[in-house]
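Two complexes, one shared chain (subunit A), two partners (subunit B, subunit C).
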Partner chain A sequence: MAAKTIISRPIYGTLSPQPGKHHLFIADAEGALAITDMAGKAPSGFFDGAEIVFIPGPEGKHIAGLEALKPAQLHIAPSFASLLPRLRQTLTNARMGLRLYLAGTEGLIGQAMQVALEAGIDHTSMQTEHRGSLARRMQCVHCKGITENVTTQPALCSHCGLLLLVRDHYSRRLAAFQGVCINAEDRSEIPPMEEIFR
Partner chain B sequence: MGITFRKETFRDDYTFRNSPEHIRRFPFPFNEDSYMYAVNIEPHVVGPKGSVLENLIDVDEHYVSEMQDRALVLAEDPLRCQSLPHMTLAGWDLLELLMEQQALGYPEHFTLERNGDRWRWINRPLGIDDTFTFGDTSTLPYGPMEYITRQSQGDFCILDQRDGNLWMDAGMVTTQADWSLDFDIGMNFFEWHAPVPLAHEKGIFTRALKFLTNIQQGKPARRLNWTMTINPRLDTSPENYHKWGPDRATVTPDNVGQKVHLRVELQSFWRLPRSNAIVFPIRCYLIKMDELVTQPKWARRLHRVIRDLPEELATYKGLTRYRPTLVEWLSKLDDGSPTSPGFGPD
Partner chain C sequence: MSTGTTKLDVVVSDVVPVNELVTRFHFRRRDGGLLPTFSGGAHVVVEMRDGDRTRLNPYSLMGSPLDTREYTISIRRDDAGRGGSLFMHRQVKPGLEMVISYPVNLFSLDLRAKKHLMLAGGIGITPFMAQTSQLAGTGGNFELHYTCRTASLGTYADVLQQRYGNRVRLYHDDREERIDLDRLLSSQPLGTHLYVCGPAGMINWVRDRAASLGWPPETVHFEHFAAPQPGAPFDVELAVSGKTIQVGEQQSLLEAMEAAGVDPPYLCRGGVCGQCETNVISYEGKFIHNDHWLSDEDHKSGCKIMPCVSRFEGKSLILER
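For the complex of A and B:
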């Protein structure tokens, strides 16, 4: 059972074209559709100053739709980890006035925002739109390990093996929800695992 | 006459006790027979002699042992003390505040000598005599916040003030009631309080933030908060919840008096002069039920408070598993007679 939502739980919006000359889009999987949907509202020439970095994911779809926008640059990456060095460099060298748009899974938005925060960009200035999976990135509060793509409640920590309640409490700095041992008081209590973050 | 510091533990064999004088000075947090959240903030001014408010930064008989327990926690988990890069100046502000207050209140134990930027700090209970340059981190064995909070009872959060909000950007947190600095660092006031039930809906945090962002230098404020802890364990962190959580299932009618502790936080809020940050000391006081009920008024009142506590609050405070046992035990000490107004014992 998920707790009702709380204030630290991120809220995502709908991408909308921002004034400015330089636009950086970071998206994965169905996040591409958030960009193509937004393109309909963008002024002509908008994508002349845009860079799109895209992680298609296992299904490999939506690349053609992004190419059709004719962005100044389109970079396809196999994973977020592989994208990280390039992204850090881009954000470090970014000029004042760069606009950032993040779209796709919660894990992608969170991790891209984390890198942007480290580069000194204020989180409220970023456009975000959630598309696709609700799978969560979770930090185990006990061993500090991150478990990716958590879909169940409770969930097993992939590092220390404790059974964790996946809370709505979210840290932008860690780009993760908090996982806390669900049966710490009595390990013999094993609540059923339900698939709820799909 | 100085304080006689107790040698005691907050883990393993749990030898922590309060002396009779410390029982009577315990900051009992209920001034009536029921409890609900309120913005119970008041000016942090000096209180009666012999109370925990006799000095604005209280040092008590547990000081030396608490500092030893903190060192053990930090050795196991250095992430309990963190400071984001922009918070060093606030760390120096805090060092000054705690050295000044401890030296002022307890001159027999602490001495601060200042000669321009050259400072000498003598901490006799911990055997420390250091000379350093104020503002120069290389002259201290730790960063300024870590240095002084390894020598000061209570947890410390330093809150940066910007954009009309307060940001948890530094802290020393080893005696916490189940929240994680490592997870919450960098969050704003509403975000780090997000898991607290009921209080958001009541507008508590909006009003509290308004009050806190207006705190002026030299005019600190305070409030009390409370929970309960099984065994006198200072480190009830979420990090170690899987280690101390099982204790909650060990409460029986025979051991309530020794095992169950009321845990009171004296929280104070101070504006820091150079950084304009707010420091938020969270000073934890523990008292076991056997000690608390030596004051009959407290026994009666605590029975009524715990018995009538709203279910959400009992769950949030982690009392669910042993509340019936505790209420039953306390009920035998409650003859139903009225309690006198105010917090103190009769």
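For the complex of A and C:
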């Protein structure tokens, strides 16, 4: 769980069952464990009206645990990009009473939240729980390119090659932390690169 | 006085009876200028100077926010109330100079909503008159469900249907017409916000059903100005100003403090805005809480009171004022 530094830095909670008519879960990797942990607190029959969309990631674990919850639908996706059309379609057709639960890495929570905000769900109405990697999705403020899975400070922009300070300044609209050139005055000055977002 | 109580000097420009219970009042600036901009859902506090007594009651602005040449309010006559509405109906005539507060909005539209679902009961229609005008001016998506006792008491129902056609649905109590609330709430597209204004029972019913059906609290907006209820007189010690006052039968605690020269901040005088929240230092007796501001825990704790609408019965009460 990341410490709160500046006001835009997202903080995450613990998933808890909400009143509602439909429950949509989006999770990646260890985010599955947040769902199975929450299941212990859920009223019986809760998952009868639930849909779980899960990205197992490279390790491919936790699918059996989600299957055991017997949700109305369990959809396994190889990546966030691959589930995006389905998610958009679900939210477009949804009615009030749908509750959204996001669990897993910050990148997954942020990108799913971005789509849900566009669909009209307030960010405070979503349940979130951070599990797994602290790797960041970063936007270079200079070229606007997004670099995924940033684990170092500073980090290299994968688009324009500038060396960037990864700030805690976060944009919900872009679902990304802001990266600002760390050596704009003197490009020959190269601070040591440390792996800090694991 | 305090927060939000900046005053406007106005003159009553028109008084229009709307039906057997409701009368509309129009105000213009005495200097002929434009009134301050407001947004749909805003209210003003009207000062009623009735002999040696001054009442301050909140009323929703019902005109279009796009027109600030005048403000309009509609008041339902309450024969059993504390007399504010009767004063307005009987004493206020065109040409009378009055003082009103700047507009304050505690019931504003959330303009991020994809759709606005409005539920009105009785005179609770007034804020929606302004909100629908505001939304219609910008192509906003709204739907209004309006419950009234009878067609003749359906204040502005005709105007609304004329303006907005089938975006307005009427329900008449005398024809046993009822909102199918669960079905209505369950069929709204994602991103809808809900607004409800009317009697306390209706507001509680709608909020309760919305919560059960999975509407997040951020999407449910409501406004109910509780009128201060009369009750047995009681004594209060004001520790900060060192005064002991008596609250009369027809007076609110806030009014009694003001009469003693103590001016707590206020915006709504109806138990909604939270401005006049007052700490209790000690008490022996029981509180009669009538506000919508404090939580149930606050009400039980005996540590806080909203002097605009709540009262006290018992031996002693000391407040931090």
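The rule we apply is simple: the second predicted complex is superposed on the first by the 194 of 198 C-alpha atoms of A that agree within 3 Å, B and C clash if a C-alpha of one lies under 4 Å from a C-alpha of the other, contacts with A are read in each partner's own complex, and residues count from 1 in each chain.
Following the convention adopted for this analysis, a contact is a pair of C-beta atoms (placed from the backbone, for glycine too) under 8 Å apart; a residue touches a chain by one contact, two chains touch by 3 or more.
Owing to the predicted nature of the structure, the values given are computational and were not obtained by experimental measurement.
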- Return fit or clash for subunit B versus subunit C, each positioned on subunit A through the superposition. fit
- Message: Is A:174 touching anything from subunit B or subunit C once the two structures are fitted on A? First, second, both or neither.
- Response: first
- Included angle at subunit A between vectors to subunit C and subunit B, based on C-alpha centres and rounded to the nearest 10 degrees: 60
- Query: If you stack the two complexes on chain A, which partner ends up touching A:91: first (subunit B), second (subunit C), both, or neither?
  - Reply: second
- Message: Let me test your reading of the model: by the given contact rule, A:186 touches which partner, first (subunit B), second (subunit C), both or neither?
- Response: first
- Message: After the superposition on A, what does A:21 contact: first (subunit B), second (subunit C), both or neither?
- Response: second
- Message: Just to be sure I read the superposition right, which of the two partners does A:64 touch: subunit B = first, subunit C = second, or both, or neither?
- Response: neither
- Message: Going by the contact rule stated at the top, is it subunit B or subunit C that touches a larger number of residues on subunit A?
- Response: B
- Looking at the overlay, what does A:162 touch: subunit B (first), subunit C (second), both, or neither? first
- Message: Just to confirm the geometry: in the superposition, how small does the C-alpha gap between subunit B and subunit C get, in angstrom?
- Response: 5
- Going through subunit A, the residues touched by subunit B and also by subunit C turn out to be none
- Contact residues on subunit A for subunit B in the complex? 6-9, 139, 141-142, 144, 162, 167-169, 171-174, 178, 180-181, 184-187
- Query: Within the complex, which stretch of subunit C touches subunit A?
  - Reply: 112-114, 185-192, 211-216, 218-219
- Item | subunit C-facing residues of subunit A, complex | 18-22, 91, 94-99, 119-122, 124-125
- Query: Residues of subunit B touching subunit A in their complex?
  - Reply: 79, 180, 182-187, 190-195, 200, 238-242, 245-246, 248-249, 321
